[in-house]
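Okay, got some structures for you below.
Below are two complexes that have chain A in common, paired first with chain B and then with chain C.
Presenting the complex of A and B:
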């Protein structure tokens, strides 16, 4: 690192100090490095190894089967369905979350009365624990719950939100978006405050309307944040588990059984650890590819980088 | 940056300027514009108020419904305020489950993982930023790679390992794995970014005074890192407090449950939720975090924004 090179160059320590310093360095990083190896790397290798086995804990079988689990995945309609559910879920989250977060951030970036109040209001679900938030929404969305009671009071007969396959998916997407959009909003607000006001003013003088200024100035200038937030949001949505377990248990049918939930059921309900490991490998590859893909394409659509 | 480009009238800019009736501003026109602006501002505030309903209403509903009777909860039209508020659901929370113990479980697990993560992450972050040793960058990449591995991917092997160590239904995996695994990876990254930007002169002065590297870290760098430590602390505490998959995988007896897991257990004999009791328990778990958040909301939001930005 340049910083440490500077230390060495400026004060020319004796080599014994430097040697001792290097030893301290290893000591300092040891817990993090060993922890990362023990709790991330080794389990990752193990999961690949397990995925090549037929492993049913109840039947106490653990036999090497090569690619059998992967062949099973190809032929498994339920897995295909969970991939489709994951795709819908993530796409819904991405589009709704990013656009709502941007809208809120742009609104709060105006000098309006009550900005602090609204900032806290939109952010507050982030600090409410996910299970608490989900339980409340589960209550509001049940057939005789709060939302339908409100709808009934204006004469609308609401559906049983969590029991219809389309409405269940829409419901969990919306509940997740309201929960987390505040965090993305804050990230966008921070980015918006970095957009120089003079540019906006100059464009206004040139007669550019609000929408045009937003499209040609604001969006390009905060595009690194949009990229980062998109990656975090998509990866986060692929890891959604609690929301689904509490609210729909993957149902109705398998309509909200996203990949993580399918993995959990194979492992901890059906005791199919080998097959679950193969699904885990698939999940890892999807997260990896999506992250690298978004990172690779950043030069094409990201305006500037620090 | 691109001021000159944008400042110069573009083709489109000139066109819209020509048809923009606001462009030449006579004195009476300016008044109309101010009024129009004021109207737009109030419309925007109205829009924000409307948008904030789905963010605030659930929490309000949760708190008020926890004081209602089972029949009032389901009344149509819904009551916004309990007609006969009663604390009975709150009593039931503690009667139906060892809720106080579960509360304590969540608190101490979150506290220990937070303290552990701060120590592991700040030591490693400091060394990666400031100490020169062979393999510094390589080891940093090894640690950072952990960010690409969702914890769900490794849950099966970790569960088998915990099981073979005989630690199922104990709190060990919920404390130790987060300290050394995923949250500390992000923490290490945040701490490293902070220590890189810390002025070098401060440490040099300490070294002149004969401090060892440990002394420099512990007496100079660590105390100065308070903002970064706060960010890591908030983020780690929240992550532990909200942990759900791991407890339901590792824990089996009610006395060992953590809060998110315990909340889903308030069900009647048919598996249907006992809503008022469940909402009372939910309210009890939300209050402490919400109070801390409201008192320290600015730092809180900035802290989380910082971890989000740098994660």
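Presenting the complex of A and C:
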């Protein structure tokens, strides 16, 4: 009886302590949960709701149209163009950004004098204002700008970079890559420094060359970071807006009108908020599918995944 | 369950904004302001000029002193010029509707036709001492529908040509003012002087300010001389394939790519920086002149179809879904009455016939002489056209810009590009 009472006596405070602990935990996560609900879930649901309506802000009309906006999307050639532009833009960013970031990280992972300076130099664009960065590049890429002056000094007649459909796309990809490559470089650097030296040394003793060590040891060991970087880069590229708005405004023609810029045009220039909401839902689904695809394929090539 | 209820509550709050925005207050009587208590008015403007805002505040303070039972404060909210309409429509979408707003002439048909604006005519006509009949009918045209007036054209700023006379003298070229006096001030003459000045002393010849190979509607200042138009007056037929437009755009293409009279696409020279001979722009830009070079201001040149004046108009309207359109309209009537219109004329040429007088305008424009104001402003408003405007303007602007991008290359076939423009624009005109 006494023993039981003692056990009960001990269990009561512990349970109450746990409850207090749980309450404190809930209190800590509450702002984040509330924030997510208010600023992510509610807008997300609202956008889906808006996408089922024709909403003209000036005429102050908000009419339920069912799937009309989605049917319109299927028949909209400009939307198809913007999807193609988005695909080129994202593919260009993904390939260039990851390969350049990895190359820089490998180079700057060497124990050589001056590497700290170069790490700072390549990372610094990340902290520069995107609009300022874009405006400066806009001047450099003018027909009589710095890039063409540089090319002229070696006898090359440079194109009008932002006025040709191909050169404009290449230009915005390059400008975006130089802006963000430093961030990915730092992530790769951190991953490279986590690759155990002894494995590399053992492979060297077994006669493996530098390329083989990189391909069979380094890449698999940093594959979780490659997965992370590729997901972040693809999502980031699909959301790129300010760069395009400042540099090309979607032109020439519609060659650099990526999906998010097309969405902006429909909503804020043409006042087609319902249709723009449907495009936003499409963009959300594209990001979701691409992210899930990347996540699913991790089992095949990400080394540390169980 | 609790969670589901919370989400429902949050959604309801979110959708309430839309419902408010969608709630059309048509039928509000704007002629009888009678609020339960004084309200705080808000007007969106695109100017951030401190002296202009100070003048607005003075007028508002005087109104509040006379009408303390109607209005307790007036806030003039400056939105960025480049994104002005976008910012305004975003406010409307969010249910944050201003009481009054400035509106570009290009979007006038869209705002007027949509029912977003209240009819001001009763309030203006019934306002004591307003002198409604003094307003120029031609200036009101763009803002009228049936018998209603949906915005007051508070600014009627003519486009004219700024001349860097230092560059003209340095290149040893004839004085444009003399050409004007001799009846030889034509677009061809301006193009020739532009190309020669650039050849002789470097720098650049001429610009259509703010065109930047993107805002094509500013080219109306040029093609007006050919009597060309982007679309017919009723807004249903594309005008880019009309012979007048083809001729005007061919002239422009040659001026850019053959003569080098205009800097090509992708470069951003600035007349006010001093390395350009001519700039076609509005007189309000005179404030950017810093005295680093001598300049003159003359009317737009004549084209093959004669001389055509073009004005940039800005309207001031009352939003139907504002707090109390009747009070806002009463304030607008006070803001634009003859006395205040005269004060505002220092910056914004008014649509009042009695105030279109060079001596009156000169009092508020110290940088411009009475002669310049007489020739450019007083003479420039008479018979002037406005830049293209359409109920579907935003879509047309964007679509035509995209098609015209092909024109701004040296090898472009003008006829083919303009045919493409009309093919893309015609469905939007019929929409």
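In this section, the second predicted complex is superposed on the first by the 276 of 306 C-alpha atoms of A that agree within 3 Å, B and C clash if a C-alpha of one lies under 4 Å from a C-alpha of the other, contacts with A are read in each partner's own complex, and residues count from 1 in each chain.
As a convention for this text, a contact is a pair of C-beta atoms (placed from the backbone, for glycine too) under 8 Å apart; a residue touches a chain by one contact, two chains touch by 3 or more.
Every value quoted in this text rests on a predicted model; they were computed, and no experiment measured them.
K.L.:
Label the relationship between chain B and chain C on chain A in the superposed model as either fit or clash.
P.N.:
Once chain A is superposed (C-alpha atoms), there is a clash between chain B and chain C.
K.L.:
For A:268, is the partner it touches chain B (first), chain C (second), both, or none of the two (neither)?
P.N.:
Both partners, chain B and chain C.
K.L.:
Identify the partner contact of A:166: answer first if only chain B is touched, second if only chain C is, both if each is, neither if none is.
P.N.:
A:166 sits against neither chain B nor chain C.
K.L.:
Which partner chains sit in contact with A:187 here, chain B, chain C, both or neither? Use first/second/both/neither.
P.N.:
A:187 contacts chain B only, not chain C.
K.L.:
Considering only touches as defined above, state whether A:140 meets chain B (first), chain C (second), both or neither.
P.N.:
first
K.L.:
Tell me the contact category for A:107 with respect to chain B and chain C: first, second, both or neither.
P.N.:
Touch partner of A:107: chain B, not chain C.
K.L.:
Give one of first, second, both or neither to describe whether A:58 is in contact with chain B, with chain C, with both, or with none.
P.N.:
second
K.L.:
Counting only touches as set out at the top, which of chain B and chain C does A:50 meet: first, second, both, neither?
P.N.:
In the superposition, A:50 touches chain B and chain C alike.
K.L.:
Given the touch rule stated above, what does A:239 touch, chain B (first), chain C (second), both, or neither?
P.N.:
The first partner, chain B, only.
K.L.:
Using the touch criterion from the header, give the chain among chain B and chain C with more contacted residues in chain A.
P.N.:
Touched residues of chain A are more numerous for B.
K.L.:
Tell me which partner A:38 touches in the superposition: chain B (first), chain C (second), both or neither.
P.N.:
In the superposed model, A:38 contacts both chain B and chain C.
K.L.:
Which chain A residues are contacted by chain C in one complex and by chain B in the other?
P.N.:
37-38, 41-43, 46, 50, 139, 144-145, 268, 273
K.L.:
Once bound in the complex, which stretches of chain B touch chain A?
P.N.:
1-3, 6-7, 9-10, 12-14, 16-17, 20, 23, 41, 44-45, 47-48, 51-52, 54-56, 58-59, 61-62, 65, 74-78, 119-121, 123-124, 126-134, 136, 139, 142-143, 145-146, 148-161, 177, 179-182, 184-185, 188, 196, 200, 203-204, 207, 212-214, 217, 238, 241-242, 244-245, 248-249, 259-261, 263-264, 273, 275, 278-279, 282, 285-286, 289-290, 293-294, 297, 300-301, 304-305, 308-309, 311
K.L.:
Okay, in this complex, where on chain C does chain A touch?
P.N.:
Of all residues in chain C, those touching chain A are 6-7, 10-11, 14-15, 18-19, 21-24, 86, 89-90, 92-93, 110-111, 114-116, 213-214, 264-268, 320-321, 394-395, 398, 401-403, 405-406, 408-409.
K.L.:
Would you pull the chain A residues touching chain C in the complex into a rising list?
P.N.:
Listed in rising order, the residues of chain A that touch chain C are 37-38, 41-43, 45-46, 49-50, 55-62, 139, 141-145, 160-163, 249-254, 265, 268-271, 273.
K.L.:
Which chain A residues qualify as touching chain B in the complex?
P.N.:
Its residues touching chain B are 1, 3-8, 10-11, 18, 20-26, 28-29, 31-44, 46-47, 50, 104, 107-108, 110, 112-114, 118-133, 135-140, 144-146, 149-150, 152-153, 178, 182-184, 186-187, 190, 196, 198-199, 202-203, 206-209, 212, 217, 225, 228-229, 232, 235, 238-239, 241-242, 245-246, 260, 263-264, 267-268, 273, 276-277, 280-281, 283-284, 287-288, 291, 304.
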